[in-house]
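This is the structure I have questions about; it appears just below.
Here the chain labels run A, B, C, D, E and F in written order, and each chain numbers its own residues starting at 1.
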Amino acid sequence: MLPILFLLFLLISCTHASIPEICVANLKGPQTPAGYTCKDTTKVTVEDYVFAGLAKAGNTTNIIKAAVTPGFVGQFPGLNGLGLSLARLDLAHGGVIPFHTHPGASEVLIVLRGAITAGFVSSANTVYLKRLRKGDAMAFPQGLLHFQLNSGKSHAIAVVSFSSPDPGLQITDFALFANNLPSALIEEATFLDDAQVKKLKGVLGGTG
Amino acid sequence: MLPILFLLFLLISCTHASIPEICVANLKGPQTPAGYTCKDTTKVTVEDYVFAGLAKAGNTTNIIKAAVTPGFVGQFPGLNGLGLSLARLDLAHGGVIPFHTHPGASEVLIVLRGAITAGFVSSANTVYLKRLRKGDAMAFPQGLLHFQLNSGKSHAIAVVSFSSPDPGLQITDFALFANNLPSALIEEATFLDDAQVKKLKGVLGGTG
Amino acid sequence: MLPILFLLFLLISCTHASIPEICVANLKGPQTPAGYTCKDTTKVTVEDYVFAGLAKAGNTTNIIKAAVTPGFVGQFPGLNGLGLSLARLDLAHGGVIPFHTHPGASEVLIVLRGAITAGFVSSANTVYLKRLRKGDAMAFPQGLLHFQLNSGKSHAIAVVSFSSPDPGLQITDFALFANNLPSALIEEATFLDDAQVKKLKGVLGGTG
Amino acid sequence: MLPILFLLFLLISCTHASIPEICVANLKGPQTPAGYTCKDTTKVTVEDYVFAGLAKAGNTTNIIKAAVTPGFVGQFPGLNGLGLSLARLDLAHGGVIPFHTHPGASEVLIVLRGAITAGFVSSANTVYLKRLRKGDAMAFPQGLLHFQLNSGKSHAIAVVSFSSPDPGLQITDFALFANNLPSALIEEATFLDDAQVKKLKGVLGGTG
Amino acid sequence: MLPILFLLFLLISCTHASIPEICVANLKGPQTPAGYTCKDTTKVTVEDYVFAGLAKAGNTTNIIKAAVTPGFVGQFPGLNGLGLSLARLDLAHGGVIPFHTHPGASEVLIVLRGAITAGFVSSANTVYLKRLRKGDAMAFPQGLLHFQLNSGKSHAIAVVSFSSPDPGLQITDFALFANNLPSALIEEATFLDDAQVKKLKGVLGGTG
Amino acid sequence: MLPILFLLFLLISCTHASIPEICVANLKGPQTPAGYTCKDTTKVTVEDYVFAGLAKAGNTTNIIKAAVTPGFVGQFPGLNGLGLSLARLDLAHGGVIPFHTHPGASEVLIVLRGAITAGFVSSANTVYLKRLRKGDAMAFPQGLLHFQLNSGKSHAIAVVSFSSPDPGLQITDFALFANNLPSALIEEATFLDDAQVKKLKGVLGGTG
């Protein structure tokens, strides 16, 4: 048996010299446009492919009464190179995930609890709006403005999937009002009133 | 106001002559290697981007005591070109999704109810096995053999996401025993015993 | 000579049975996630690969004192499948291309005349802002909010390139205020004041 | 058994509504940037996945004493969307495949018979040249100028693989001299002498 | 002449600052989802682009009377980033490459000697089976179960090409029986009998 | 306010653990098939996204009376992973960019000044030729032979965009005559006369 096994091992080893399918992110190493460099394969375990972070509700005690708990490659290194990531949305009563985009990925959402009204706007400015109930799924094409809000009475929960391990998340309010973009420039590039800009900068900690 | 609006409309229309981000599958048309041709944009509504099919439990009264309910592009045409799809897994007590692969996509699973033991095998034949509880997520790289089974006492439910609108699903048992592959050939190419092959062909409706 | 030429023709014909590099968009046909179906190759001429539309200044007599003249695949069918498109920006004194994104492409801009201040914001809300002079180029990663404004005294002109034949263009103001998104919903999902929303809906022709 | 089979069939049918992995080229239909539209799946047979055209030697009775027999998607429709194609090279004694490029694909060659000297030139103008014997393989990165010639005494044969179903083939001599490019223009854009240009146009059937 | 050459060199050097087409795998460095990091270009020679490993027959004195000799990026570093790799199949009389998949690539096979029966099974469980003779080529879409066996009397040889430098190779028998997957779990997830599982674990060196 | 801001920061930080959209090339690090590894994000500034190198005319005092000034990733590191790059063409009266290809990208050119005749040749040897005036744009599919020449009386300027940060540039004359390819081999693989080959090797500094 042993000679046979040895020969089989030879057979296998020659064919397995390069295994790209196991490329867990080395989060301490550099990124590349295609993802992280791969962790040493001998150190990979099933734990790299498992993520428990979405089990717990996010903290919705905040201004938007909602939370986004990511399972992106930074939290879930086994996703590196797999073209996927996850997140959990918790929306308390009255909660909202404000208008945002994912520059790097499309999204599919499925409602696990409660009722969520979600919508996106296309480049043609057409609105796609739907009140989703438990079990409903909705797709959001990459890069388009969209939002979700709790349209029911109880806490709402959804799981979202993205078509990239690192979809990005640009919340419009934060992008405009939470940094040091000069107010005058924002007003020029959005036609918003100065009072409005100053107000939201105040809320979101922006300067300028 | 109207002249301004008209000028703005001109501004917009010139820039919106080609909108690829809205490419809902025309399921009556041909496929291409990149997906379906796009449905006429004027006929697209939010309903193309919403799918309710995962709301209902699949029927687990079968030999595997489990069901896979797909939300692929064929069921959910808004997914066309988005790099994503979904499915729902229902596993009754003792249920199993037998060893299978998705030739066209990687997968991420999240447990919604119960306990599921899941595992995949790499090209190096290394086993990655984990007992997952509610809220746990697990990733399965594209094309690798994997399975899920209910390792708890109650009905288990999971949602899975794929990195393609059309991931494919090749269940090993079905691929080998549910068609007309000659038994002798199967035995030659798997080293399984004739009795085993004949038995499973019998169960799964294969011939030859 | 003729036999030689015939043999050479044979040599060529056998090797040229499938030419994908010439795939001019058939704008009357359907789109696919990878672009338009290809026009009949026998009807392709150099005119399909040439576009004169950027030669003329866009009309800046409008609310933003600016114009975007596209050279996307819809205007320039030879771009189909080439991973590129162009546009021309004209900004009168005080003109601005308001905050917008290109969901489908990255962008590089080069200033041909005048001075343009341009900036983008990353998902981390970091601002990248620069006053560009003639000959300067600036890159904008895909999907991120950005804007351009004329920061000089005279008419400014730029040419922009995109990494897709169909980059899309979502102007934030238009996406929020130029359609029928209910005001209450916008306010909930942006924290903008009702007066502000109503005002901009009025300017941009939105309803609701 | 039948109810079980029926349930299993249900299980399968729901999951197999969209099968992109079988996308044989409909050669009568249009192309797209991603390949041909798919032939009706019910009409696909194993013959679409088999190609016998490389079995026979190409005719080397021509000016280059060589022949290229393609197995591209146009000849081998099962390759549609698979990222691969083949060709057979026959080089009689003294035969040569003149300098050429494959705009759409990288190439790997393996010598089956005889000896072939092959080489490519990089964008940095570095020459990579090797005399290959039976069993040797050589790789040529996409789009780079390369050639093969018979450097042995007997008929040489090679099989080449490409990283696209439709790699294209641009033979430099043919591109310059076998069409109606004006001689003056060629001379301006190549610095070749008029006598040289006229001579090769004569041989290759070009005009102008 | 020299000033002209110097100016030309200037012309070239400015345009050749970044050459991605030469990206030979640095096999001592990390992998990324797109391949290996590139070896120092100054150390690249033609030998990186040549591979002699397929010249020699693989050793078929084993349980399957066959051998697969790979020319993947691990053996042939010039393939890095080229979307291609090769392997050589040797099948003695009665030899078989058991059912397997390539998770990462499609495959095209060409028979060089003897007769080979090859087949693949689609996700729809349709069988595509063909007895191939010398010179015949067959394509196998990515990720689908397939096999090859010697259906002639003499030693058979084939060359196979893959659409990735690192296609992976998952032999079903090895994935199921050559590791430490618990027998009970295998039986649950394949419906194979315990005796069958134990037997093949014994042959292939599996435990559990 | 502070608690709210802190909670918002929590909200943001959890979602921003991995930001791939900012991946400026670390030009001191290795390349990969997908581009350079990313520079440390904390060291990225707007200057990485700005490039002034195309502002100045290239030096056309050379044999071709033209210059190509690149803005590829090697000069403009913010382009890393963005699928774009630029260059500036200057053509003095009588100037020409000789026949060349870009192995890695398609190209779009726009004339800024003067008149430029440009053309490309397809794999089918069809010529696409056009005299372009100021403001005209022309597209050149990836990998195909093309050229530009000044067809006006004054200095001509164009900006070109490429569909890759690193398109490569292979000038046919340089590839054939500016290195150490043996003359006999060139003659065999191009059918050019020895006198012609020797002459151009002399001009371009080739040996052999």
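In this text, a contact is a pair of C-beta atoms (placed from the backbone, for glycine too) under 8 Å apart; a residue touches a chain by one contact, two chains touch by 3 or more.
Protein names from UniProt, one per chain: A, B, C, D, E, F = Germin-like protein.
Quick caveat: nothing in here was measured; it's all calculated off a predicted structure.
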| item | value |
| --- | --- |
| Intersection of contact partners for subunit C and subunit E | A, B, D, F |
| Number of steps on the shortest touching-chain route linking subunit D and subunit F | 1 |
| Set of chains whose contacts include both subunit E and subunit B | A, D |
| Residue-number overlap at the subunit A/subunit F interface, same or different (half cut) | different |
| Between the pairs E-F and A-C, the one where more C-beta pairs touch | A-C |
| Intercentroid distance (Cα basis), subunit D paired with subunit C, Å | 35 |
| Separation of mean Cα positions, subunit F and subunit C [Å, integer] | 21 |
| Residues of subunit A engaged with two or more neighbouring chains | 12, 16, 19, 21, 32-35, 37, 103-104, 119, 122-123, 125-126, 129, 141-144, 164, 168-169, 174, 178, 203 |
| Touch relationships between chains, expressed as pairs | A-B, A-C, A-E, A-F, B-C, B-D, B-E, C-D, C-F, D-E, D-F, E-F |
| Subunit D-touching residues of subunit C, taken from the complex the two chains share | 1, 4-5, 7-8, 10-12, 14-21, 23, 26, 29, 32-38, 80-81 |
| Interfacial residue positions of subunit F with respect to subunit D in the complex | 96, 98-99, 101-104, 117, 119, 121-123, 125-127, 129, 141-145, 147, 149, 168-170, 172-176, 178-181, 185, 188-193, 196, 199-200, 203 |
| Touching residues on subunit E, where the partner in the complex is subunit A | 30-35, 37, 58-59, 61-64, 67-70, 72-75, 87, 103-104, 164-166, 168-169, 171, 174, 178, 202-205 |
| Footprint of subunit A on subunit B - complex, ascending | 12, 16, 19, 21-22, 45-47, 49-52, 54-56, 71, 76, 78-79, 82-86, 105-108, 110, 112, 119-120, 122-126, 128-130, 132-144, 159, 161-164 |
